[in-house]
Amino acid sequence: MTLSGLRHNIHVVIDGTDTPMGKLFDIVLLVAVIASVAVVMLDSVLIMRMKYGTIFYYLEWFFTILFTIEYLLRLFSTPNRIRYMFSFYGIVDFLSILPTYLSLLYVGVQYLLVVRILRILRIFRILKMADYMQQAGFLTMALRSSRHKIIVFFLAVIILVTIFGSVVYVVEGAENGFTSIPVSIYWAVVTMTTVGYGDISPKTPLGQTIASFVMIMGYSIIAVPTGLFTAELKKTMRPQLQPISCPNCGKFGHATEAKFCDRCGHDLHV
Amino acid sequence: MTLSGLRHNIHVVIDGTDTPMGKLFDIVLLVAVIASVAVVMLDSVLIMRMKYGTIFYYLEWFFTILFTIEYLLRLFSTPNRIRYMFSFYGIVDFLSILPTYLSLLYVGVQYLLVVRILRILRIFRILKMADYMQQAGFLTMALRSSRHKIIVFFLAVIILVTIFGSVVYVVEGAENGFTSIPVSIYWAVVTMTTVGYGDISPKTPLGQTIASFVMIMGYSIIAVPTGLFTAELKKTMRPQLQPISCPNCGKFGHATEAKFCDRCGHDLHV
Amino acid sequence: MTLSGLRHNIHVVIDGTDTPMGKLFDIVLLVAVIASVAVVMLDSVLIMRMKYGTIFYYLEWFFTILFTIEYLLRLFSTPNRIRYMFSFYGIVDFLSILPTYLSLLYVGVQYLLVVRILRILRIFRILKMADYMQQAGFLTMALRSSRHKIIVFFLAVIILVTIFGSVVYVVEGAENGFTSIPVSIYWAVVTMTTVGYGDISPKTPLGQTIASFVMIMGYSIIAVPTGLFTAELKKTMRPQLQPISCPNCGKFGHATEAKFCDRCGHDLHV
Amino acid sequence: MTLSGLRHNIHVVIDGTDTPMGKLFDIVLLVAVIASVAVVMLDSVLIMRMKYGTIFYYLEWFFTILFTIEYLLRLFSTPNRIRYMFSFYGIVDFLSILPTYLSLLYVGVQYLLVVRILRILRIFRILKMADYMQQAGFLTMALRSSRHKIIVFFLAVIILVTIFGSVVYVVEGAENGFTSIPVSIYWAVVTMTTVGYGDISPKTPLGQTIASFVMIMGYSIIAVPTGLFTAELKKTMRPQLQPISCPNCGKFGHATEAKFCDRCGHDLHV
């Protein structure tokens, strides 16, 4: 087999899903990704680390070498190496193996090892090829087309929490836990999103009244992103317009079954 | 009466709702199920157990014997015994009576007795026959047809809480309660779903900033399941128009079951 | 003026809103209701009671006598006294004045005085006549027509919190605050509704995992009532069907502009 | 250049966005507003104030003088000075600079300085001219047309929290933290909006039962504002069909601006 043929075959196995080998590769990779993320998680639990630390260490190296081989194969088989290396998944692939090698050079970089958790993002690539991710297309399309409205909504939320946070900072003061404006804004976010940790909570009657107002506001304006998204989703799920222009007047976008332009009456398909 | 006739009659009473006896049986069973669940609950409250423990004990045996008789009658009258025994409700029926008998053999299996709480699932069967559960059909239909999108959404949530949990684990560290990655992911779930117990909460400015971001994200993406479900529900509930024109007056679009044009009265299907 | 004429005039002022006197009466009553509720509230605050207790006492008697006069006038002017007395608002009116008189007979019935807070319900009656409450018609209509589905949803929620509460009761146990099944069910409600007080929270890894699952479930199934209500509201706001029956085949409910029955083709307006 | 010409030129730069100078002015102002708000925030953090207090002081005076010049330029160039001074943004502009000058006169008015945080509202004006704010038009339109229904909803929420707060006040009492009716109403708001700080939480079985009911109610009625807003938003976003038939082919229902039938190309209005 020629080098070019080998490269093509590897590409088919790694990036394709149509061949039995391609499917097997995807399943093995999915299991390896989930298992390696589980190891990273459990390794962070003190009692697990003390008991099974050595096993985790060897498993980690096993996965790292596995993913390194996979990375090199991808690099070898991809049509455009530079583009792959600087693509989203190329960077994720590289960051998935880098920390383990770095831990050889520098001792005590424990927190750096958390970067390995990014491996979980690779699940998306494996599923990308599957039918499932087509479903996500609707979601992202609806999110994208309501983008501007959502940004305005977020801006309004940010300004509201800033003002309410500052007001409650003045009303409650440092002695009730509202030690600074940033902390009070954090409290306002906790309250308006209805999370409500309770690590900081108003103590004075006036503060509690303002807080009640913030809560009811937060409780109500959740209707805005929900309403926006629902409305957009409905639109994207409804029969689409034909993406054609009228050859006579140039009007773009026509109803699915339209044969004539509804602005000038010209035949659309001539 | 022959055995086969008896079996049929029992079947009609136990599984049917059309006869007065069948209705009475359902009501008695519903009351018995609710009462027995109440006894299991109250028996777990220490001061109630100390006061009324003996009464609860006898009530429990009364219900167990009642449900045992019912189980045997079902087994006797059902057309396909094996299928019933391994059906969802067959297993629930069996688990509803098993723990009490097991408590005779092994002393101190208190926690096993909790299995009896599964009796509550039997309420669904009793109501299944009633008109009410038809309504649930719409709900499950809408849920089923948005299944794929909901799985993609859950996957995205799981990946988000894993990444944010790990980031805050690094930022806050064990000294602020974020003792391991799994615990931090638990915190991320508590935060993103806007539950916010407050048993673990960020203390550093950077941790609080990231937490604020997670909260606003969680507060906003709740729009996704709501929007999906609303859109699907609308589709299943809306009666579609027939895409036909009246041969007489040309009116387009008629109600699903329409046979005549409601504008001119002409037969639509001639 | 005759007694009957007087009765009629009082009726017009008290129950009507068309005359200037009727409007004035409504506004005075609205202010009195809000002020009296405010007095009840402030009277429950210890430091306010110690400072202004005497003023509150006299104000309370002033409002009680005012509402007593109003009650007697309503009783005098209403066409059907028995029906008024046992109507919802008749009972609310009576309970609004009763506690103050009872406090003369029995000393120390402080908690009974809270019943006076029900006066706040009278705001609805005052507004009922106004245009505002017509808007509520849509809301209650949408709620009523999705009634069955909402009951099924609530039943499902109750059964879910019972099962999850019991499971976490077994997993966590009394030493982590889950002292009994009812308390654990209370915890499950707090968690599933995303309230999350944090007074009880899981401590074991398995408990936290189950709790995470409950949270994500609660976070997602909020889509169900929202979706149901949105779908119903849309239906009630859409052009209504004509509430007429076909004179030929009897089919009830026809599209707004329908002239002929779309089942039998008969003219609807003959 | 004449005074009138100068005034016009300043007006074009300050209020317009079409010229390069106008765009530059907007960007500089946006950066200055955000930076000055950041300084106010950080200045409230004790350790930041101790470290960089002097820098913050000079930065604050720099921004104050900058905004003062801007305010005077606006006052000079605006066609109607009185109207600007008492407009929403006129007052915000004035309040943005006032506190710093007042701090010269009175020492120790630290809390007054928080008023400067209102500068953040100026972001809206800068964006108002941009395309982004057009998107907000849909949101406010939908909010405005569902105004009446939302007020009725809020009234119902207020009455519900008052009654439930009072009931739990009686049930739990001061020894469990429900020290007065206003505090209990605050608790009811915290619970019904699903915020759930946990600073006050029911301890008695009856209190927890009522609280569970309040939570499930709060969890469900969030459907009301969401449903209302979604329905209104859909209405404002959906283009209505013209209820006309094509005189040639009879097709019923055409896009709002359609002049010709999109099925046969015939003129619709002949």
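Think of it as A, B, C and D in the order they're written, each chain with its own count starting at 1.
What we mean here is this: a contact is a pair of C-beta atoms (placed from the backbone, for glycine too) under 8 Å apart; a residue touches a chain by one contact, two chains touch by 3 or more.
In this text the structure is predicted, and so the values were computed from the model without any measurement.
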| item | value |
| --- | --- |
| Interface composition of copies chain C and chain D: same or different, split at half | different |
| Contact-richer chain pair [A-C vs A-D] | A-D |
| For chain A paired with chain D, centre-to-centre distance based on mean C-alpha positions, whole Å | 27 |
| Cα-centroid distance, chain A relative to chain C, in whole angstrom | 41 |
| Chain A, residues touching no fewer than two other chains | 182-183, 185, 194-198, 218, 222, 226, 228, 230, 234 |
| Touching residues (chain side chain C, partner chain D) in the complex | 37, 40-42, 44-46, 111, 114, 117-118, 120-121, 123-124, 127, 132-133, 135-136, 138-139, 142, 150, 154, 157, 182-183, 185-186, 189-190, 192-199, 218, 222, 225-226, 228-230, 232-234, 237 |
| Contact footprint of chain B on chain C as seen in their complex | 148-149, 151-153, 155-156, 159, 162-163, 166-167, 169-170, 179-183, 185, 191, 194-198, 201, 205, 208-209, 211-212, 215-216, 218-220, 222-224, 226-228, 230-231, 234-235, 254-255, 257-267 |
| List of chain B residues in touch with chain D within their complex | 194-198, 226, 230, 245-246, 249-253 |
